[in-house]
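Common to both upcoming complexes is subunit A, partnered first by subunit B, then by subunit C.
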Partner chain A sequence: MTVPSMSLADLQRTMASAVMQPLTAGENMRAKSRDGRPMRKVAASFIAPNSNLTPFERLEIYNRQYWYRVLSALAEDFPGLRAVVGSRKFHALSVAYLDAHPNRSFTLRNLGSHLAQWLAANPKYAGRRHALAVDVARIEWAFVETFDSAEDTPLTAEQIATLDAGSKLALQPHLQLIPLSYPADELVLNLHQRDKKQTSEAGVASEEDEEPPIALPHLRKKPTWLASHRVDFSVYYLRISREEFSTLAAIRQGIGLADALATGFVGSRIPAERRAAQVQQWFANWAELGWICTPPLESIIKD
Partner chain B sequence: MSSNRFNAFSNHGVGIGLRIPHYQDIFSRKPVVDWFEIISENFMIDGGRALANLDRILEQYRVVQHGVSMYFGSVTEPDPEHLKRLKQLVRRTGTPWLSDHLCWGSVDGTYTHDLLPLPYTWEAVERTAERVRNVQDFLEIPVAVENVSSYAAFTDSQMTEWEFLNEVVERADCGILLDVNNIYVSSVNHEFNPMDYVNAIPAGRVAQIHIAGHSRYERYILDTHDHPVIDPVWQLYDRAIERCGRTPTLLEWDDHIPSFDEVHNEAKKANKFLHKYAESAAEKVAAEAAQ
Partner chain C sequence: MKNQLNAALLTAALAGLMGGTVAAHAATTANSTNGPIVKAMNAGLKYSSDKPAKHSCKGKNDCKGQGGCKSSDNGCKGKNSCKGKGGCATDGSHMPKFA
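Now for the complex of A and B:
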């Protein structure tokens, strides 16, 4: 009986490193491994040939499959970003992002969880539309979160009326708060409509076709505070004020109601005498939208 | 009869994979389908439309869970969050058994999202069997491991693939999801006789069978689940049913998915083989009774 030349752990680390190394521009496996060794030697150190394929060629099948799979999954979740930067740039940024952030989750759903943050820190991958691209990536990731996050039973208007200054609350899990540099929500909705139409006309998603960045309507930079939430399984976007956004963000952090409101109004131009009415209006809206819930029991006990 | 403890003594017949393009047909026409197989990971979420659709399916149909990322052969331990969510889903669906692949795909917490082949070594046997046992104990339902299609073989392997499968399932005391298309694909890619594989598996442990189509390239075959089942695969299925008896059977079709009826009709071709051996089993019983 042969004695294995490497442990199972070493074999898996060696193979994963090779499989997850980006392909060449021609979509072939690279000639050298990440540590500079010839890939032919790396492959031959643990993979046997058959009469048709060398160890390199057999490993290359897995290398290609990995990249085709993750690139296609990312393109599916970020069609708006792809349209804004164009297919070529999107491919390059996807490869760079996935190389920097290989998935640490068992599900492909979470593949793009760091994309907006990564893109914000790596402007060269988005070109002249960088800030807009980051906004679009933020909205598209929020869509993923909103689409399938939990829906807790919200507080009723009557329950909300009983809250006091020290009340600690939670937000509806599917509610996402998205700070933007541009009012980009309508653009994303239009891009998704366009993508849906192209997909249904072609029968399949079109991520393999090369497309330049699309012509965009003129958008002026303007700080925008967006909430995405779910109603009847559909995702909706709602622009809210900076004060409302900051208050909701503070509530989500577990800050007591009075302090959350104080946080929300820091630097606000809303006159002090109008704030109480404003807060009442927010709570009426939040009750109707089902955005306010009780915090999980464990967080109350911890406090 | 392959109604056994590895499939909770099920009488499931021929099912198909539950896929989004078919939802409209299923909800509007409520076609008679013996059972649906779901990809567990698609429903290991907290809320939203996918779970609502699943609940509608569960009101009408039997569902069996099939996973794609447990990676029984990975050296690093599974994510506890993965196991927790999987168990929640098991409780929701009431799946009588659960399957995932005899492969690895993650290392040190990083996921390749591929079904990577294992080296057929004793170390891999021990590691994989231990993981299957642990998962089975945690989930408290029978677990079946599926043989994967593969494109690479390892210089370190110490046994054949079917010997490896047999060692793992014996040590883990688990079932087998026998994918006869995967056997065919691997037999071409690794140049062995696929019937040797089917003849070697312990028939009493086969909980379920997968059939599917694949794509043939010039120098290898890829398991793409995007075509009808080819005759050589039906021949392997025929032999598997001859050995195992009536076994829950599932057609996989995951890419370029045709209409619901086309997929369902392709799956129902399996009934010919299930009936053939049911009849011969009945004849045997009658002959024995007459003696």
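Now for the complex of A and C:
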């Protein structure tokens, strides 16, 4: 058999396109490629048969393994979302999401980085619990970020003594700020406990078992501001006020300290005379938790 | 009036920062075992993650004997070795190094 010559880059693109194309409902490789060519022809254009398998069958192994791996990794990072929407819907949304946002990283750790945003824009995949599902996805992705993001050295007393109104600060990289429509943090923790219990009882995760959406406690919609962060290698979720959230978000955006404080109180109902005491308490708590750092040197030089 | 309020907020922020920093420092130096406890009291709800590792190929036997099945152990997921260093690979892989 003569195989037409192909550059390495073309070969990699052809292979990736074939492997990353979603499987059929029966978990087989599709008969046609994305551009409509028969997959048998596509496979034969760059894969040789062996004594047991045709090029199509050899390629299909990799096509399946890619999807089994990424679906499994995504399910592992979003057990709460899976419980909220049910396993069937979760499978469909995972395939659609991964087709829209295929893995672009050397590590599967980043697989779910766009999931919450994608789900917010694609409500049909979540069903009637859409807003809650987006919240759960946000909390679960924040866990991934908080779990292994870097930890910078917090501000020292000497550095604080040099600050003024225009000083720009930075937040601890592992601190994640999560705006929610529901107070869903406790729910996610409970769902993870449930998932952990099921996993340890069954020995392996039950990703392949079909599970309907679980019955949830009644949760009323209520704007909630959550911070996920790490203390001594453990991840914590802390509810904060809207004003705290806005101030922290402004600091993260690189806004100077005085303006960040003003931003935090835009539209606030906290009486003016109580604000200073609140601010002092927030900053004391943030400092104690090590959340406030100096901005990276590059951003100071750029300014 | 607005400037006064802004100045008061700034002063409060700096006072809070200094107070919290000194308290954190004192907690870690006075008794190194109490520091984390004091911190954790204000930290919120704790998430404990000690999931057993899984194998992505488990139960999928169609690649047996045909090559292409990698039974990675999901690397450092749920373990603490990569915490704070960035780049925990779910599949245990590491970024390839090019010469």
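Operating definition for what follows: the second predicted complex is superposed on the first by the 291 of 303 C-alpha atoms of A that agree within 3 Å, B and C clash if a C-alpha of one lies under 4 Å from a C-alpha of the other, contacts with A are read in each partner's own complex, and residues count from 1 in each chain.
FYI, a residue touches a chain if its C-beta (ideal position, glycine included) is under 8 Å from a C-beta of that chain, and two chains touch if they have at least 3 such contacts.
The shown structure was predicted, so the numbers you read here are calculated from the model rather than taken from an experiment.
S.K.: Which of the two partners, first being subunit B and second being subunit C, lies in contact with A:L155: first, second, both, or neither?
M.R.: Second partner only, subunit C.
S.K.: For A:A48, select first, second, both or neither according to whether it touches subunit B, subunit C, the two together, or no partner.
M.R.: first
S.K.: Given the touch rule stated above, what does A:G290 touch, subunit B (first), subunit C (second), both, or neither?
M.R.: So A:G290 only meets subunit C here.
S.K.: Counting residues of subunit A touched by each partner, does subunit B or subunit C come out ahead?
M.R.: Answer, by number of touched residues of subunit A: C.
S.K.: Which of the two partners, first being subunit B and second being subunit C, lies in contact with A:L163: first, second, both, or neither?
M.R.: second
S.K.: Is A:P212 in contact with subunit B, with subunit C, with both, or with neither (first, second, both, neither)?
M.R.: Neither partner.
S.K.: Is A:A16 touching anything from subunit B or subunit C once the two structures are fitted on A? First, second, both or neither.
M.R.: The answer is first: A:A16 touches subunit B but not subunit C.
S.K.: Would you check which partner chain A:D185 touches, where first means subunit B only, second means subunit C only, and both and neither mean what they say?
M.R.: Once the two structures are laid over each other on A, A:D185 reaches subunit C alone.
S.K.: Can A:N103 be said to touch subunit B (first), subunit C (second), both, or neither?
M.R.: It touches subunit B, and subunit C stays clear.
S.K.: Just to be sure I read the superposition right, which of the two partners does A:S5 touch: subunit B = first, subunit C = second, or both, or neither?
M.R.: In the superposition, A:S5 touches subunit B alone.
S.K.: Just to be sure I follow: which residues of subunit A are touched by subunit B in one complex and then by subunit C in the other one?
M.R.: 52-53, 58, 61-62, 65, 69, 73, 106-109, 147-151, 174, 204, 230, 233
S.K.: Touching residues of subunit A toward subunit C in the complex: what are they?
M.R.: 52-53, 58, 61-62, 64-65, 68-69, 72-73, 76-77, 106-109, 111, 143, 147-151, 154-157, 160-161, 163, 165, 174, 185-186, 189, 192, 196, 199-200, 204-205, 208, 227, 229-239, 257-258, 261-262, 265, 272, 275-277, 279-290, 292
S.K.: Help me check something: in the complex, which residues belonging to subunit C touch subunit A?
M.R.: 5-6, 8-25, 27, 36, 38-40, 42-52, 54-60, 62-63, 66-70, 74, 77, 80, 82-91, 93-96
S.K.: In their complex, what parts of subunit B are in touch with subunit A?
M.R.: 41, 44-52, 69, 73-75, 78-79, 81-82, 104, 106-114, 116, 118-119, 121, 123-124, 127, 151-158, 189-191, 219-220, 222, 256
S.K.: Spell out the part of subunit A that touches subunit B in their complex, as residue ranges.
M.R.: On the subunit A side, the touching residues are 1-2, 4-9, 11-13, 15-16, 19-20, 45-48, 50-53, 55, 57-59, 61-62, 65-66, 69-70, 73, 102-109, 147-151, 173-174, 204, 230, 233.
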